[in-house]
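Letters A, B, C and D mark the chains as written, and numbering starts fresh at 1 in each.
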Amino acid sequence: MGCTATDVIGALRAGAAAVSAHRDELIQLDRVIGDADHGENMDRGFRAVVSKLDTAVPETPGAVLKQVATTLISTVGGASGPLYGTAFLRAAAAVGDALELDGPAVAAALQAGLDGVVARGKAVAGDKTMVDALIPAVDAAKAAAADGAGPARVLAVAAEAAKSGAEATEPLVARKGRASYLGERSAGHVDPGARSTALLLSAFVESRSV
Amino acid sequence: MGCTATDVIGALRAGAAAVSAHRDELIQLDRVIGDADHGENMDRGFRAVVSKLDTAVPETPGAVLKQVATTLISTVGGASGPLYGTAFLRAAAAVGDALELDGPAVAAALQAGLDGVVARGKAVAGDKTMVDALIPAVDAAKAAAADGAGPARVLAVAAEAAKSGAEATEPLVARKGRASYLGERSAGHVDPGARSTALLLSAFVESRSV
Amino acid sequence: MKKIINDPATVVGDALRGMAAAHPELLRVRTDPALIVRADAPVAGKVALISGGGSGHEPLHGGFVGAGMLTAAVPGAVFTSPTPDAVQAAISETESGAGALLVVKNYTGDVLNFETAAELAGLEGADVRAVIVDDDVAVKDSTHTAGRRGVGGTVLVEKIVGAAAERGESLERCEAIARRVVGQVRSMGVALTGPTVPHAGEPSFTLSEDEMEIGIGIHGEPGRRRLPMESADGIVAKLLEPILEDLPFAEGDDVLLFTNSMGATPMIELYGAHGIAERLLAERGVRVRRRLVGPYTTSLDMQGMSLTLLKLDEELTELWDDPVRTAALHW
Amino acid sequence: MKKIINDPATVVGDALRGMAAAHPELLRVRTDPALIVRADAPVAGKVALISGGGSGHEPLHGGFVGAGMLTAAVPGAVFTSPTPDAVQAAISETESGAGALLVVKNYTGDVLNFETAAELAGLEGADVRAVIVDDDVAVKDSTHTAGRRGVGGTVLVEKIVGAAAERGESLERCEAIARRVVGQVRSMGVALTGPTVPHAGEPSFTLSEDEMEIGIGIHGEPGRRRLPMESADGIVAKLLEPILEDLPFAEGDDVLLFTNSMGATPMIELYGAHGIAERLLAERGVRVRRRLVGPYTTSLDMQGMSLTLLKLDEELTELWDDPVRTAALHW
């Protein structure tokens, strides 16, 4: 019932497909309060992730996550590249060389990813960034794992919470990232990075690969 | 019943008012088959003509026409500046230093003006230029003068003929001036210079100054 | 219409004052009549090279005033040739004893006004010649038309003849070189949008999202044909073909390739188009020896571009390479 | 969207190929990762000056690669910071032994990617420093925001520090000079239209005929406020006031005034605006000693402009005057 490297790869492929399907939506969100590239950046990065996975298939979940991290760092650019890259890098470190991840390991990976984003980007809750999707996701994941949930269930509650967290960025005034230049005018729009975080987690769940 | 310097000045002031009132129309005509400046050029020139006449009042019709010519040449620019300028210069030469102009003198002035435009611009009938308004105007003026018409009547028939001549430029394909670059696409639009010629002559008539 | 201006009637004068403030070491201006004159003019013993025409094509011509290029530029109202007295003022303000050469783009108004000025200046004893630039292959050259327009090639004429004048070549030599350049330069342009003339207040023509106008001039006049919008590859090929056929340019020719923005087409697109043109020319065996890429012959805020090809020989290449110190070209 | 491009995905690479073809004597390019490098790099014994950022601001940064300015530029995708490995590649390709200084515009993505690269290069033994440019007074500088953006002032940092590097100044001196310029430079911009990002396909924001956006950046993000459109006099005053108050600039100060087009605003308007700014500064007793006027920090096809004011001292003035040989600045 643990989550293997193959499962993680399946989830990531699903994530890439979701990013691609929502590319234009993410561009639109970023167009309104940013610079209209988030969908393009994420799509470029996850296409690279997939094509890397087509040729190099790491054997542990941690190795997969690390390969994703370095691929994202070297292909996405912008703010989201280093932030997502760091998240995957820290998640990789958190899972070490385990061959299978159980519920608590998945929760710990999410926590490490969040910590990485915060360490690099210095955003706090309510700044209207991807952190606002990650914090509730991590909280929900840890609670479920503590209740004994397996990796699929942990991811499912995390995805659900990330979705609500992303939606809840709509009324916020941005204090980090490009949207912060708009001040009050950033309110009324969902943060693109929070949205892409929620999208990725939902896709991981829906892949049923985990 | 002859036409004095004062009459000519009155006619020119009326012409200037007409150009100003039709400035936007002339710009629009030129926008479609030219470069959108004919109304602006003519208005700039005739405002200068009027302000010159406010300070320097020549005493013969010929002197008035000559002052108009030099003013137009130094303020209008473009193709229409030298062409209208030459027309007035030749008209001035044609009337000499007569103190009053009779019907034949007005017709001769128009003929000289047309000759001047043709000498400079090399356009022939049907090239879709101001010449297409001037030729019928001169023909009508000469016929009326030959019939013994006075200056007012000569101008009236000239204006009428110029109006028809200008309207008749609509279907033509331009072979001179900027509109010629459009080739077949110049057909279907009235030539701005022919229109301004007709406008000026009508205004001279309506001024009842002549 | 949205423009950063105070009043359509003062646009040219306002720009001249800004130019004078921006480049005191290169040039001085006069506003009535409007003139842009090399700071050190008249330049004793050297031919005065003078150009001009309607405004709205900046940096043509004022941006090319300075050592090694124009001695003076005469800007008319937007898209309107200047008047003869303004040209005469430029001639007398730059009178050096070595004569003056007028570079005139082939438009009825420009030709009439500049030639009148040359005639009048001649009557006053000045030695003044005029050279007409007519490089636009989009227009059929025929005695039944106003002839080909002068477009991007004008910049090349001004640079090369400016270098000759700076070297102290005679008026005859300068005129001969100018005619040689005119004989060997060809251009063609495309528009994606029409320009908006300040006093007209709306675009000179309107294209839908999937249309382009090919064979346009620089005054907002519509072009030869309205065609479906294409990729950069397609557009560049459509500009290059008629140029290559016209002179014609042949395998083994050395050329200068000038890739010009009509104003609002940004450098990221223009460099892309330039790269394509270089590739197509290489495929033909036409050797690009010199290049100029940028917005040098513009049409206000029009989106679009033009290509200009000049056949080079050793002398023209050397004159092109000679130093130039102007607001828009500097080396 | 109408653009002269083949494909939004290839725009940056296509432009690089065109640049390389256009300026073989100045620079060379690489496309994976995308780099624009001085033709003679590495330049032995001289600090490598490297900048970069999202594409779409041309000529920033690639147009400033050459003697006396940047050693390399690292262009990201349109409006997207390049990745650390691209920056690292620029560092190693220009490695001269004298260290490298990175000029980074203050955006979250640029800062994260460039600083990561500096860190990684440092681990490999290179001496790499980064200077963050944050000259845009439209943004409140506060620990609760991403801080001020780097905009037009970046060009001035690159020119002045490039001159210092060309003189052979040490990395420490170059860094100190860069920080001094950053401390003394302020900018503010206005947009009349939004830019259209190729892969987005529609304008980043839309303004009606009677609106302008004041306090905009260079990535199509909306600005501080949407205001009724004004005359050039009004617009220039609205840009200049917050700049003057911010440093503040005072009577008797010597300054460099940089009047910048955002891309589609033509020179005839820009010179007009420049003249107004010079007049307003003269009225305040602020002395304009040097000027730069043109489209040097653009935002694709956006209509609009920005003003940048740099407080000069003797050393900065001399460094500004030093020779420069790049595609976009040359003297």
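The criterion applied here is as follows: a contact is a pair of C-beta atoms (placed from the backbone, for glycine too) under 8 Å apart; a residue touches a chain by one contact, two chains touch by 3 or more.
None of these values were measured; they are calculated from a predicted model.
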Longest centre-to-centre distance from chain D, chain (CA-based): B
Centre distance in Å when chain A and chain D are each reduced to the mean of their C-alpha atoms: 32
Centre-to-centre distance between chain D and chain B (centres being mean Cα positions), rounded to whole Å: 54
Chain centre separation (chain A, chain B; CA means) in Å: 75
Multi-chain contact residues (two or more partners), chain C: 78
Residues within chain A bordering two or more other chains: none
Chain-level touch network, classified as line, ring, star, complete or other: line
Chain pairs that touch, as defined at the top of this document: A-D, B-C, C-D
Residues of chain D defined as touching chain A within the complex: 54, 76-85, 107-109, 112-113, 116, 138-140, 144-146, 149, 197, 199-200, 202, 204, 217, 219-222, 224
Complex contact set, residues of chain D against chain C: 1-7, 11-12, 14-23, 55-56, 58-59, 63, 78, 192-193, 207, 209, 212, 229, 231-233, 235, 259, 263-276, 278, 288, 291, 293, 295, 298, 300-301, 303-305, 327, 330-331
List of chain A residues in touch with chain D within their complex: 27-28, 31, 33-37, 40-41, 44, 73-83, 120-121, 175-183, 185
